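Consider the two complexes below, in which chain A is the common component and chain B and chain C are the respective partners.
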Partner chain A sequence: MKAKRSKAVRYNKWGYIFLIPFVVTFVIFQLIPLINTIYYSFFEYFRSGLNVIGPNFKGIENYIKLFSNGDIWKYTGNTLIIWLMGFIPQIIVSLLLAAWFSDPSLRLKGQRFFKTVIYLPNLIMAAAFAMLFFMLFSNSGPVNSILVSSGIFEQPYPFLDRVWTTRSIIAFMNFLMWFGNTTILLMAGMMGIDTSLFEAAQVDGATSTQVFFKITLPLLKPILLYVMITSLIGGLQMFDVPQILTGGNSPANTSRTLIMYLNDNLYSKNYGMGGAISVYMFVITGILSLIVFKFTNGKKK
Partner chain B sequence: MKKKVLSMFLAVAMLAGVLAGCGNEPGGSSGGVEPGNESSADAGTDASQGTDVSQGTDGSTESDTYKRADGEGTVLNIYCWNTEFMNRMKDHYPGYVAGKDNTTADEEGNVSGTVEATIDDITVKWNITPNKDNAYQNNLDEALLNQESAAADNKVDIFLVEADYALKYVNTDYSMAVKDLGITDADIADQYKYTQDVVTDSNGVLKGLSWQGCPGVMFYNREAAKEVFGSDDPAVVQEKVKDWETFNATAKELHDAGYQITSSAADTFRTYTNNVSSPWVIDGTINIDENVMNWVNDSKALVDAGYTGTHELWSDDWSKGFFPEGKVFAYFGPAWLVNFSMSADTEGSIGYNGGWGACEGPQGFFWGGTWICAATGTDNAGVIKDIMLKLTCDKDIMTGIVVKDDDFVNNKPAMEALADGSELINGAEYTSKVLGGQNPLPMYCAGVDGLDLSNLGPYDQACTEEFMSAMLDYMKGNIDLDTAIDTFYKEVITKHPELTAPEE
Partner chain C sequence: MAVKSGNKRKVSKGIGIGARRAIAYVVLVLISFLCLFWFYVLFINATRSQGDLARGFSYIPGSHLLQNWNNMLHFPMISMMTGMINSIIVSLLTAALCTYFSTMTAYAIHAYDFKLKNFMFTFILAVMMIPSQVTVLGFLQLVRGMGLEDNFIPLIVPAIASPVVFFYMKQYMESALPLSLVEAARIDGSGEFRTFNSIVLPLMKPAMAVQAIFSFVSSWNNYFTPSLILHNDKMKTLPILIAQLRSADWKEKDLGVVYMAIAFSIFPVIVVYLILSKHIVQGLAMGSVKG
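After this line comes the complex of A and B, so read on.
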């Protein structure tokens, strides 16, 4: 008996030892920066040229400045609008593709090929991808050349000088980069569903639409929830594509996202205001994730 | 298995195709995409690449070479953002011996890394960080902030700055007064005044020197001038653009003939902002000068009438006027723009056929330039003084730079002698092929002589960038003027939290 117990304790010890690398990395690279960010958000702390100003404790002054200035709401709105514009088509197309790919009765040919192809845009560096679209949609770019020479437009249309075309291009790029990834995640979820359920439904005479909405979707919920929340977090952190596509100067700043705003504040190493924006984003992300969670789980009752 | 191999192959092939496409785009585009901080630097590097270098091309004798003084440090650290100054040193500084090159270039041609060289028994260490995304300044800031605690051999000795942010460094104790190095007013008397204005701090102390001047002129399309004005003579064209009022009237004339007077409203921005009567920031409050507002009003009128565009500088749309089909009448810029950045080596371009002409334009201005500053705490004051004297004050060496690198050097007598033909290059008067055989030097000299830059400030980089982008947004019709001005204030304050917007 005694020997057995000591053995169990030793196993526990190994468990903790194996956890050390993670805990150490987490504390150094995640927890301490997180606490620091929150801490400095209450300070005046930036550089004026080469002179470091602060840190001077200022209470919630940074937050008052942030919200009274009003821009933060605009940039939150921009971020959410562009994310939704990309995410809605993304989830619809991904669901459709995943359903087709995972349906054995369709016997689609060349599945492997298409799965690879739809994932490819995700492998390109966002920066290179944004540069490519910048060239494509510039006034003298190929898209305008085609539109003008085919007579659809008389003059080149300044895509990147107009609010909604700029937003649409960013949303489309995000869609293109991420729908393959989402498809593969959803497909994994669908393949995990017991095939006997589909067979039973077919035997009972269910149409494929009914099968999709009554069987596939409800059973896919855990994966769907995961996809939605990760995509939401990714969307709120949208930065590289709009930054490089617009060079930070979108029409009337309507394509400036929260992280781009944060980036501008770090120009003068403004850790105080930067911290305040980060804390704001932390809270917003938390609230939105909770809403998605409640919304998706609530239906079950 | 076969399928797997096939799909893998296709994936790789596709990816390679896509990536190759992307990689080629930026470099292959006409005019090239330049990062935010343009300077003559880019141009200068192009000029000296691929040329063999031999010591003593300027006729300097062995006795001219610098010998390390007793007690002077043995390592000279130089911070810079490209290889331009290094190439000038290599080609023109007596006693400079090039060493190991550890640099790499990215796909846009930005060089970064370190290079070693020697002057006498001093090791020269070049620390090159590209300008892109403010990386050079970020790196330099960290180095200077650690200057005091760094070991003598690791301290920054020389750093280079550009006009847009020179005062950020010059107004601090991190840069040394030129006088403290032992350089006298008499040594630098031949330099252009504006080059000293740029690096004079708020107490009137000169803290850096430059070997080059970048006076700008107006380059016009000769074919268009013949077509519209009946002559491509610089004097005739100058009469058409002699001040802003005439310039704007001429815009209509050109428009009726199918030409845009400039490619973008951004083209004339520097010319207006170099001729202001008040700085961007007065006592911590942001200020918009009258001449800057003139730019907004004049340009808005031109844009609304369709006489010019609203493209960002260096964009493909902006560059289309480098070719005759672009139907652009004029660009504003210094010598390096027309020589190296306007597709002059591409067949069919206006520059390739020598189709540009130069005239002074409505007002004088400058664009670009690199200044040499000595960092406080350096243990190499002797060699820094020698470098500054030889490269920025020595007429013979500087004439050598004009001959070899096509730079406009910061030496009035040297430039004036070349301008009026009393000094010949390889037995002939200086002419420019891109400008159809015209000698533009008299114009450069005249344009830069009267330039007064005492209104430069430490916030200019952020102010000009943000003002330009907010106003282009207004000119495109996305926002009204009040919103644009408001946006400008907000953006500048975001970048510099210590500033305030003026009370309404």
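After this line comes the complex of A and C, so read on.
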């Protein structure tokens, strides 16, 4: 008995050994950078011309500057608006498609084809996709050429020089890139619902619309919340598409996102301010993740 | 007991099943069109000459495919071919390290009982959501401090710690890796490391394939971090070159060539995806059902 026990213990030290690569990599490439980022956010540390100023400890001065000059609120607002403009159609379309795909009475043919197609945009390089849309929606691009030659517009419309068309294109691209992923997640959720509930509803004479709103949707709430928060976390990281579509110069900066703001500070080597922006985003995503975490843990029980 | 479980055709209220099916097909076709149209335009425009493109849009391919291809390869300043090779190197190595070590981490948590096991599991789940952009400032300082700017190492090695891939592997192991197998290997005198490599890894192949594809693609598409680390033209990956095309003074550029460059960086992924799509879409569902 004793021998067996010590043998098990001897094996179990391998648990630690197999964890070494993860832990070492995590500490070096994520934990230390995170601590460093937080550390720099309390310092005055930037480049002015050829001179490097700092690092001088300044307490929370960077944060005061960040929150009082208003840019951060504007860019947070931009990010949230564009996210929401993409998320609302995304959740509606995904719910609809997921309901159809998982409805056995519909027996849709070609499901694999459709699933393959709707997931495709998710794998496309966002940088190249944004460059493509930049070319397609430019004044002499194909979209304007189609609109003019078919007589819808008299002259090319400057899509990327207008606030709402620029935002809409970014939101539309986000929608295209993510609705397939959301559909598959929701479908998995719908498949998990006890089929006897649907049968009971049908025996009682419920229509498919009633079934969807009275049974499917309420039971799907946890997954919907999960999808929404993870999408919001992803939305806050929006960078490639707006950066390349607008080249960093949207009309009056109305399509500048938080990460684009951070990126500017990294390029101008303003590390103090960059650190403060990072910490601000870290706190927001931290709170959002905590909600997801609580939620997925609660779900298991 | 008139309605048996398989028989659901008795929905007589609301819209009929035929009409619902028709609506579903129409919407699906429209949405598929919305997904594919842009790539069709990209393909068409990559085959057309500058003068042809200036004349407006056409639904028929042009005749300049080879010429655009040649001109793209001889772009001044921007070498798409070098970018392609760099992207392949970085993405392949990232995918290999990421899947191998994530499986190893998952195995550590799945197969062994040790004091910190639950703590580590919770910890990895907790850090899963931290976006890499949030730590990038400190990351850049670290990379500069280690003299690793213009080097692929800071793009590849961090993939060893990928909480999302770890989580997927852990989920898959719960259904696909009976611990009795590991016990049997021990009785046969196999060492723990060898057991992992020769028994666990083969059983994990389907999950590893799915995750290898995903980590390859996300590394292939990554623009933010590489653009901050790679400055030397010989080291740049495709997304950085695409961004350079955007900021270049491209009024004088041959637009057909720019379309070709975009196609060049998108189509390899599309082709691989279409070949493997069956496994990918299934694999996605597999991971999320259990999640």
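What we mean here is this: the second predicted complex is superposed on the first by the 251 of 301 C-alpha atoms of A that agree within 3 Å, B and C clash if a C-alpha of one lies under 4 Å from a C-alpha of the other, contacts with A are read in each partner's own complex, and residues count from 1 in each chain.
Following the convention adopted for this analysis, a contact is a pair of C-beta atoms (placed from the backbone, for glycine too) under 8 Å apart; a residue touches a chain by one contact, two chains touch by 3 or more.
Because the structure is a prediction, the values reported are computed rather than measured.
By the touch criterion defined above, A:Asn139 reaches chain B but does not reach chain C. Judged by the touch definition given at the top, the superposed model places A:Asn12 against chain C, while chain B stays out of reach.
When both complexes are overlaid on chain A, the residue A:Leu262 reaches chain C alone and has no touch with chain B. Between chain B and chain C, the partner in contact with more residues of chain A is C. Contacts of A:Asp194 after superposition: neither chain B nor chain C is touched.
In the superposed model, A:Ile233 lies in contact with chain C only, and not with chain B. In the superposition on chain A, A:Ile124 makes contact with both chain B and chain C. Common to the chain B and chain C contact sets on chain A are residues 112-113, 115-117, 120, 123-124, 128-129, 131-132, 135, 140, 247.
Interface of chain C with chain A (complex): residues 3, 5, 8-11, 13-15, 17, 20-21, 24-25, 27-28, 31-32, 34-36, 38, 41-42, 45, 54, 56-57, 101-102, 104-105, 107-109, 111-114, 116-117, 120, 124-142, 154, 157-158, 160-161, 166, 186, 192-193, 196, 217, 220-221, 223-224, 228, 238-239, 242-243, 245-247, 255, 258-259, 262, 265-266, 269-270, 273-274, 277-278, 280-281, 284-285, 288-289, 291. Interface of chain B with chain A (complex): residues 3-4, 6-8, 10-11, 14-15, 18-19, 21-23, 25-26, 29, 134, 141, 144-145, 168-169, 171-172, 174, 310-312, 315-317, 320, 458, 462, 469, 472-473, 476, 478-479, 483, 487, 490-491, 494-498. Against chain B, in their complex, chain A makes its touches with residues 46-53, 69, 71, 112-113, 115-117, 120, 123-124, 128-129, 131-132, 135, 138-141, 158, 161-163, 247-249, 251-253, 261, 264-265, 267-268, 270, 273.
The touching residues of chain A, counted against chain C in their complex, run 8, 11-19, 21-23, 25-26, 28-30, 32-37, 39-40, 93, 96-97, 100, 104-108, 112-121, 123-129, 131-136, 140, 142, 145-146, 149, 176, 180-181, 184-185, 187-188, 191-192, 195, 198-199, 202-203, 205, 207-210, 230, 233, 236-237, 239-240, 243-244, 247, 259, 262-263, 266, 271, 274-275, 278, 281-282, 285-286, 288-289, 292-293, 296.
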